[in-house]
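Lettered A, B, C and D in written order, each chain numbered from 1.
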Amino acid sequence: MKIRFITTGGTIDKIYFDALSQFEVGESVIEHVLKDGLVDFEYDVVALFQKDSLEIDDDDRKLLREYIEKDDATHYVITHGTDTMPETAGALGDLDGQTIVLTGALTPARFRTTDAVFNVGMAVATVQVAKPGVYIAMSGQVFDAGAVRKNRAENRFEATQ
Amino acid sequence: MKIRFITTGGTIDKIYFDALSQFEVGESVIEHVLKDGLVDFEYDVVALFQKDSLEIDDDDRKLLREYIEKDDATHYVITHGTDTMPETAGALGDLDGQTIVLTGALTPARFRTTDAVFNVGMAVATVQVAKPGVYIAMSGQVFDAGAVRKNRAENRFEATQ
Amino acid sequence: MKIRFITTGGTIDKIYFDALSQFEVGESVIEHVLKDGLVDFEYDVVALFQKDSLEIDDDDRKLLREYIEKDDATHYVITHGTDTMPETAGALGDLDGQTIVLTGALTPARFRTTDAVFNVGMAVATVQVAKPGVYIAMSGQVFDAGAVRKNRAENRFEATQ
Amino acid sequence: MKIRFITTGGTIDKIYFDALSQFEVGESVIEHVLKDGLVDFEYDVVALFQKDSLEIDDDDRKLLREYIEKDDATHYVITHGTDTMPETAGALGDLDGQTIVLTGALTPARFRTTDAVFNVGMAVATVQVAKPGVYIAMSGQVFDAGAVRKNRAENRFEATQ
């Protein structure tokens, strides 16, 4: 089985530029995370866009959806900012035939302490084990698209029902 | 859903004592890994033994099996040394009704670069998503017990068929 | 010999809040850095303020200077934002009798890859070894106050002569 | 000023081989540590040998001493195992004209939590600031060669007087 990773930006890929005192989305860390995970499966990485998820709009979601519809892969892990991850999962929710897992991080992967590696590990397992559908892997849990929200006050994902 | 973690030792928990220039199995790192993963589910941790997996024998496997048989949990993640992880998975393979995922690490979790966090993330997702059975989550893959071996020369896990 | 650490904020102490997508100065990491460094000397930590160094003004520098003048310690390590570290060093430059070393980081100490630990190690050695005076320890070098600038384009400290 | 790093092995460079369940001296991490430290000075690295310091004998110390005597550099940082670091410092103690700082680590540099980076930072500052002589930078302190021992029970370096 081959996994195609699609990166869209978000906190997981945030880097810090001291000269500007800014914190921006940078090159994706996904390949570093997979290398550290000593993974042994076929994969590739498609960098679709690099945005804070608050900046991802309906056009971006349409682009992502059309990309997958026209694409030939069957197993996707999508890294995405957390704030609108449930919305993007919802926009992909009725795709048919693929297994799609969205994940990301509440703390940048470049931090010494981060949830990014754990979350990508969850997503990689879920995409292999779950039946076709759209899922979110965050907060140590695997949620069905359409049944999950980010609780911003608590900084975690939770089921909506 | 509640996950019960059972720790048995192995490289994942290896620590280094400089004074003796030895490298021994120490306290389990599982709770640190879960904390970094920002997980939000109910769990507990049972430290059953602390052994290199080459030292785990049939009595230990019997003890582990009986522990689970008499126990009331339904979802288990077992951290275990890698060298005999497939043997232990095989010894649990016909348990009925529980979902059991074994994982560990090829490099100690206390290392700056380690596969431990990724692997535990995989195991936590698998135990939630997979149907009851016994699995191994290593090398970025989820294997069925009885269909996996450690390839020591290549330092990775692979399907036997 | 006792070392008194004074923290003033800066990139070294930057933390990231996902909920707000902001990156702010947080609790000082100095004690974590010293603990990881397995140091064995007497010290204490005074948190004087928590500011980006671009926000540190002449009143703040006066406050810092007066704090040290009235204080009873003889060896100081000051953690400080990098953008105006040379200015603050200059404002302390004619203090007499103390050994004062300013340091900080170009990348937050909470990052997996950071110069913070190296820099604090340099500062701790310099404050013990150098004769009384004011120094900056950054970019792998120890500079005299008044003879150093931050080269923002190159993101490093360099001698002015 | 140019710094010449001489590596001799020791815990700082220990790596872990899972296949063999061994923990051995590997390639030196010094260049990674300097890169993370964002250092900006001229340096090179000479890998003289790779030994546990308990295996370093008088012939090795003679080799190291003769290497430095015949060499043209003036500032040296030597990474070394901790158990016999004071003996090696003593064997170099009457060299004349160079500034030599020995350092190492009580925990491997490849660990997530290690004293290696802090210690190398200390050594780099000391070799720039101290007057010619032989020093040990460990446990957050800078010691004169001949006045320091490793307290194995406490796992730290301390002055002998």
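Some points to look at:
Just so we're on the same page, contacts are C-beta pairs under 8 Å (C-beta built on N, C-alpha and C of every residue); 3 or more make two chains touch, one makes a residue touch a chain.
Worth saying up front: this structure is predicted, and the values here are computed from it rather than measured.
In this assembly, the chain whose C-alpha centre lies farthest from chain A is D.
Note on chain placement: the centre of chain A and the centre of chain C lie 37 Å apart, centres being C-alpha means. Between chain B and chain C, the centres computed from C-alpha atoms are 43 Å apart. Within chain A, the positions touching two or more other chains are listed as 106-107, 112-114, 155. Under the contact rule defined at the top, the touching pairs of chains are A-B, A-C, B-D, C-D. Residues 11, 14, 16, 18-19, 21, 23, 52, 54, 82-83, 106-108, 110-114, 152-153, 155 of chain C are the ones touching chain A in the complex.
The touching residues of chain A, when paired with chain B in their complex, are 33-34, 36-41, 106-107, 113-115, 117-126, 128-130, 137, 139-142, 155-158.
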